[in-house]
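Both complexes shown next keep subunit A, but they swap its partner, so subunit B is in the first and subunit C is in the second.
Moving on, here comes the complex of A and B:
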């Protein structure tokens, strides 16, 4: 049984699960999903999984933390945690986000404006453990007790004491994977505290100091990216083979017969896609190739190791991995001698390479980086493509704002200007732009398939987005109306696909999802057959 | 790691039943893994898909694009789903002993 008023101190409880997920308390979804029985259920972990993994936070295991085998093993982990905690607040060890972290620790008026902004806290009907300040208050107490001088003595007196044991750490690890790093909380804080950053810094501590990560983000994510060239495992030879296939496909579908520029030294632009696009949504890189060819842009793709995969999973959990990948991306561009890098429809690679890596990209490494949204908007506006927007008239279009590009970088209008030019039935979700809700797949969630975590992702993390999509199409929700969610980000697309699958949205409501460039190509009059195929994928 | 055992076959698998050591794959393993996918018997068409996947994987170290699999094997996506109910990535690749797909796919 879980008690009603959970406090940060409860994290160290020796026995039992801290909180229960009760789907009947979650905020209701609009029709046709206003009946609980139409929702996917959060499956309990199996006895075997419970035996093997730490799951005493909320009965979900995202990270699959193995249970330590002995008290000694627990002690080693606790010691690593405490020394790592101190490093987070040391300028020599954590120069990236130190100032913002310290300010967040020192200043929080507990006004709870952030709680109202957090989709996960709100959508679960206000589960205390998901409150943005719950996580931060744990961190703040740790900081006061273990990092500040005289902290142990003062903490004991203040009533803000917190105990550190393995149970507490294991719960905290899972808790850092119940936040999508969408940073609506940081956006709304009247004094500028950043609770999203707290999640990020904790994940970093677990990875860099304790070696505890999510396999899909680390081992077969950023580590595989560096070794094989892509987090998908795609080698340079595999990439080249895929490009050849896509060239053939473009020819078959559009009649346009041209070679894609690969490793073309001296091109103006290096275009980097998320390699997941080639495998899961090849129509997206195909549409890019068609547009750039038709507009006469001097650009190239790269078949260099890492140069064909723009992802940078380190952004979500590890500064070292982030830096390794970002430098490789820049080195690829340097080798080709391009004037700038343009990033395809991938949200986190936008933020990683343009904003976050900026501080390590000095001197000749400071090659300009640009969003594909702005380049595409210039192309559409220039009149170089022959467009007829009535070709997109038979379906409604709404736009999902990827958090990393929109709230966190401020790129709001270019993608909208494009949609106004090519999609006559474009309508906005509420709220949108920098106030959007995360798809629920942010910070790596979309690629984390472990145990019952996908159930949590579909019913909790993605709930606000699901509600927004259903709301915006309420007047045309029946399957007789065709509807499209434009999600210009691979990670968001993956999450929306999984959400729609889990709820049966395509069958029940006839809502398809896809990227931005596909809509542009679908409006190009030079292409006879519709580029967009209304098939589930 | 969980162990999957059926008759003579005993292999290590991950949470989703994908092989942890793909080098231990053989025809008997494929037949055993197929039962976890609701496929009682592997037909000639099943083997055609499996062999195409394995050949491609041996050459490029990754599973082919789904569209390429359809084109080169001559089966539509629908037919592949009929053969392997959880689909080309989660079903066919698992039976063929390929690693579980990773990255943003």
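Moving on, here comes the complex of A and C:
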């Protein structure tokens, strides 16, 4: 049975599920989804899944943590957790985020100002376990008790004592995958504490010390990326085949017959896409190729292992994996002798390589990195492309701000300047820019398909974004009006695709999603046929 | 020397050492990876919408446009008006704002008492009828700041205490120490008000006491309300460095060294030097894909450990 008033101490409860997901209490969506029966349901776990995996947090299993077989095994896991906890606060083991983490641990005033900024807490009607401070307060109490000198005595004295057992750790692992790391909470904190960082650091503890993480992030994510060349499993030979396919497709769709520059030593720019684009949305790299070719930009793609896939899943769960992938990206650029790396429409690879990896790159590894949004904006402003914005007049356009690029890097205006130049019916969601809502697929969620987690992602994590999209188009919500969500980020696109699929948004409301470059190419007068095909994919 | 004097000396020493220790401990932590969060107010010309230098083509070839004025303006709004709370948690702001303003006013009150004591040692009388405008101003403002500070502070502290006690979201996360902190501060504010009301409204007793402290002379007896005020102040000073109430120290770092810290790593620069040092640290994480005992630089290039991780 779940308890009504859940406290941090309840995480260590031996039996039962901590919280129930009651969809009737979630905040309502705007029409036409204002009826609960139109919403996808969160399927309960099967008896077999419940038997195999830890799922006593909220009845959802994102990580598929196997249940320990004995008390001894539990004890080993608890000991590992505690040793990892100490390492998070050790300067050598965790120099990467030590200062920021200690500040958040020491100075939170527990004012709960951050709670209403969290779309997950907000949209579930205020589920206590999803409150940004709930996770942080547990970690803070553990830090005070097990890391600080005299902690056991002082914790008992100050009244923030907490027990640690396997049940708590298992719930905490799942709970770190109920936050998208969007950091809206941190924006509102009067002290500057950062609950998103706490999620990040806990995920690191589980990965770097206990070897526990989501398979799609690690084994078939960053490990596969390093070993095979891409987290999609695409090998260098597969990449080359894809480029040939896309060259043919561009010729077929636009009549433009040109060879894509691959491994061109001495080019000015190394363009790195998220390899998911080649497989799921080839029109995106195709549009990039058309624009850069038409603008006469000296650039190249790389067919080197890792060099053709800009993702870096380590950003979400493991500093060592982050560093390994980032260094390989830089080595690719060094080998080609380019002047700069430009990152395609992928939010987290923007942040990983430009901002986070900035402080692991020294000497000649410090090659400049830049967003494709700024380069594209420069091209559009320069007049090198012949554009006619009326070619995009047939549909309305709104812009989704990927958190990693906008709130976490401050790249706000270039993509808007482009849209103002090519999309006459551009309108903003509210809130937008640095105060946007995450798509719900952030921090790896978009690629996590385990058990009933996708249901949770559609109905909880993506709910605020779903609401924003419906709100911005309320006056033209009927299927007779064409509407487009420009989401210049692969992970966001993946999440919006899944979200729209789950709710049947394309069929019911005629809202399509896609990238930014597709809109630019659609406005290019040199291309006779519309580049954008109004088809669901 | 009286016990009261010794207690005050001790509390000042503990407070100073405690605050300096906290600040040094944080500032000496190693360089961290960037974790900036926008809007950043010093991004000149872009601060109003949260933009950054990353919006510029070839940004590394252009000088960073840093607006100190915008940063100071934002900091001032945060410190003096408690802006984040006003925007995002208005019900709590109605107590937090007077609470903080009360504290600032009492700091001014203490400063004016100190200034008055120094002037009196120099032979200048602090009184309403001193005939000189500066001592007169100090005399009046001391009373004003004591009254306003204690009333506003007590109102805020009591309001915060009851908010914590009765609001479920606050109560769930509040510990004994959170309540104790507010009660201690309430007692301090009330004692200041009691002194203003009944014992030393003009500040003459305290100016004299502070003067004797400064000259290391035995203190004259003080009324019991003043003694209580001094004891509570000493307890607060001794206790403060051990609590999260030192967030005035932490806040400098959370804002300036994390949230607004957007300096790029430049080849041959200070950041690079610190990064090189950090990459030499040895890590001891136990997961199979990491080789414990290697340096960060080695771990980042050691791809063989991934095979070890696979086998597990």
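In the analysis below, the second predicted complex is superposed on the first by the 537 of 537 C-alpha atoms of A that agree within 3 Å, B and C clash if a C-alpha of one lies under 4 Å from a C-alpha of the other, contacts with A are read in each partner's own complex, and residues count from 1 in each chain.
FYI, a contact is a pair of C-beta atoms (placed from the backbone, for glycine too) under 8 Å apart; a residue touches a chain by one contact, two chains touch by 3 or more.
Keep in mind it's a predicted model, so treat the numbers as computed, not measured.
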Clash or fit (per the criteria above) of subunit B with subunit C on subunit A: fit
Greater residue coverage of subunit A in the superposed arrangement, subunit B or subunit C: C
First (subunit B), second (subunit C), both or neither touched by A:254: neither
Subunit C, subunit A and subunit B - angle at the middle CA centre, rounded to the nearest 10 degrees: 160
First, second, both or neither for A:106, with subunit B first and subunit C second: second
Touched partner set for A:211, first subunit B, second subunit C, both or neither: second
First (subunit B), second (subunit C), both or neither touched by A:374: second
Which of subunit B and subunit C A:359 touches, first, second, both or neither: second
Which superposed partner A:241 touches (first subunit B, second subunit C, both, neither): first
Smallest separation of CA atoms, subunit C relative to subunit B, angstrom: 15
Those residues of subunit A which subunit B touches in one complex and subunit C touches in the other: none
Interface residues, subunit B side, partner subunit A - complex: 2, 15-16, 59-63, 65-68, 71, 99, 101-105
Subunit A residues within the subunit C interface of the complex: 5-8, 80, 83-84, 87, 91-93, 95-100, 102-104, 106-113, 115-117, 128, 131, 133, 137, 157-160, 183, 186-194, 197, 207-211, 218-219, 223, 226-227, 319-321, 323-324, 327, 340, 354-363, 366, 368, 370-371, 373-375, 377-378, 406-414, 433-435
Partner subunit A, residues of subunit C touching it in the complex: 26, 29-40, 43, 46, 49-60, 78, 82, 84-85, 87-89, 92, 96, 168-170, 172-178, 244, 246-247, 250-251, 253-255, 257-259, 262, 264-267, 271-272, 275-276, 278-279, 281-290, 296, 299-301, 303, 306, 309-310, 312
Of subunit A, residues touching subunit B in the complex: 48, 64, 216, 220-221, 224, 228, 230-235, 237-238, 241-242, 245, 249, 274-280, 282, 309, 311, 346, 446-447, 449-451, 490-491, 494
